[in-house]
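Chain naming follows the written order as A, B, C, D, E and F, and within any one chain the residues start at number 1.
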């Protein structure tokens, strides 16, 4: 499978996980090579890793939330929380994950991440 | 002492340190288990650690600022700086702390943290 | 439940997860207060978080490995990998987790962590 | 060379690198010692390191962008990207740098940093 | 180009950069899927990124050293330093890079990384 | 004060803090410019920051331990713990600091750092 095919496969995966195809528009003043950043980042994550099958989608989305929250990467964390809720992870599981993060990565990171989780919970008012 | 008691003790400590009881309201769409995240995070920090006595409150608040600034955790850093100023740490000591952070954790982190310190200094115009 | 009870509960959990009770002997020259570090760290992790039930043990151990690997915390990572293998996580799932870490947290961290995973795999030669 | 001289030299370097002298005004409620934080941070970075000659300005600005992006330090990253574009680094080189960051430090950090790069690209619409 | 081809291309690149093909032997007890971790990590780094041409090999190896040193990833840092010296980066440039890291990422990280640089310098006694 | 003077002042400070002058011998294959890394790192830390007086030596050494432990920088942490014990910080205060680190930066980092603290405690068997 070529990079373009892996990129295309990755975009299809984002559609399943997020309910809509990930849209990464080029910006003003951005060089043409910027498309390569998009292709490689989507291929590496959604094309090559999310399509693997030993770890199921629920387990993989828990791992994704844990990585983004530990790094304190706000916007990626927001995206991974949306994917988790779309993949059948419950809000109670996410609370448990942040309590685990509180224990292992500490209150400073966990507090920051939980504010983002609360904002994503608010986007999904009718979901458990 | 039970978790609920340690949580309650922690909330009383936040009142002493911040001049008002920490208020962590539940958000829309947040599951009921979210209260456990609040209880455990307050119990672990203000209930179990801030109440210890080998390290005094001034030393402990310097350590708290140093941890949050090193992690680059903005909102926790803001809270710890307020606690430090309320606990008798002087602004000159905070400047010295950020100069130490500049030396050991570098200009990128120190610059980011110092912007937050300047915002907290501005909230306390009449304090040394 | 008091801190001593939560600590004791946490130690029993380590026995289930690791096949033997976690042993944290005091060291030469360590002050008596060092026991409090043990009590609080075991209570906060194994006593308060691992005993929660929204996230199951398999999901929780995946999250634990992800946090330790993202932080680059070698000895905690080794412990969490052992717990994961003892909790029914397969080696193939762990490989998938590190491929996900490679994608989201990068080759430098993933390479370091995978060396530790290989060492733990070698301790469990007959397990899938 | 005294600290004041190294600070002054550093400020002149910022003028060359940014097209205008770095301006770090004191804030309301900030103590007089705050000037020392400015002097030491400018002296340490622009006064002592940017003036060295083994690494040329282009190489040094690539390294600066890499450090700030790896740390996830947003405002310092913005400044270093402006310096890089002013120092003859091309936008295509910056894209390549973020693709390298994607590989080695992962998609979470690289995605966050690339958003900032896109904002800086937009400030320089007519530059390659 | 398929993943296997990108992996193979990446291995050829390691041969050019390190003077010998990167060898990543499977370990005892490691599952067969472990080969996928190798393929993806080599493809993502040496196959997809090091083969790009906007950033030249010297610039790219400076960036690689900066990322690994900022993360505090010891073994990856060692490898990147060897690549840098093999790619025409001088020892004086590496010293300048660590002085820049000292300024921006602080003495704690810079000190740790410089110990590794000294060990790699010792492997190359006759090189400038 | 010139860089050489600040370096010399910094070395005298290390003698007061550690009981012996910091010795940083040049290594085999290290370029002559390596002396500049030593001069700048000692000047920036012990020369410019430790000599400041708003924060006292005890407070500063607590902050130093907190920064190094949060970063997970093992060898710098070992040095800062020795400085702390030489500066009148008690072992009980260090235990309290690690309990605070446990709360705010989590069990993974705190566990790693506490192992180093135990090793330093063992070097000082007769001190409180």
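Keep this in mind: a residue touches a chain if its C-beta (ideal position, glycine included) is under 8 Å from a C-beta of that chain, and two chains touch if they have at least 3 such contacts.
Bear in mind that the values here come from a model prediction, so they are computed numbers and not experimental data.
Visitor: State which chains count as neighbours of subunit B and simultaneously of subunit E.
Guide: Looking at subunit E and subunit B together, the chains touching each of them are A, C, D, F.
Visitor: Using mean Cα positions as chain centres, tell me which chain lies farthest from subunit B.
Guide: Max centre-to-centre separation from subunit B belongs to E.
Visitor: Among the chains, which is located farthest from subunit F on the basis of C-alpha centroids?
Guide: Between subunit F and the rest, the longest centre separation is with A.
Visitor: The B-E interface: which of A-C, A-B or C-D repeats it, judged by over half of the contact pairs being the same residue numbers?
Guide: From the options A-C, A-B or C-D, the copy of B-E is C-D.
Visitor: I'd like to verify one number: the distance from the centre of subunit D to the centre of subunit E, where each centre is the average of its C-alpha atoms, in whole angstrom.
Guide: 23
Visitor: Roughly how many whole angstrom separate the Cα centroids of subunit D and subunit F?
Guide: One centre to the other, that is 28 Å.
Visitor: Enumerate the residues of subunit B that touch no fewer than two other chains.
Guide: Correct list: 33, 36, 40, 44-45, 48-49, 52, 54, 67-68, 71-72, 76, 90, 92, 95-96, 99, 101-109.
Visitor: So in the complex, which bits of subunit F are touching subunit C?
Guide: Where subunit F meets subunit C, its residues are 72, 90-92, 95-96, 98-99, 102-103, 106-112, 114-115, 118-119, 121-125, 127-128.
Visitor: Quick check: in the complex, which residue numbers of subunit C touch subunit F?
Guide: 27-31, 33-34, 36-37, 40-41, 44-45, 67-68, 71-76
Visitor: Where on subunit A is subunit E touching in the complex?
Guide: Within the complex, subunit A touches subunit E at residues 1-3, 6, 33, 36, 40, 44, 48-49, 52, 54.
Visitor: Inside the complex, what are the residues of subunit F that reach subunit B?
Guide: Result: residues 44-45, 48-49, 52, 54-55, 58-60, 62-64, 66-68, 70-71, 76, 90, 92-93, 95-97, 99-105 of subunit F touch subunit B.
Visitor: Going by the contact rule at the top, pick out the subunit F residues touching subunit A in the complex.
Guide: 101-109
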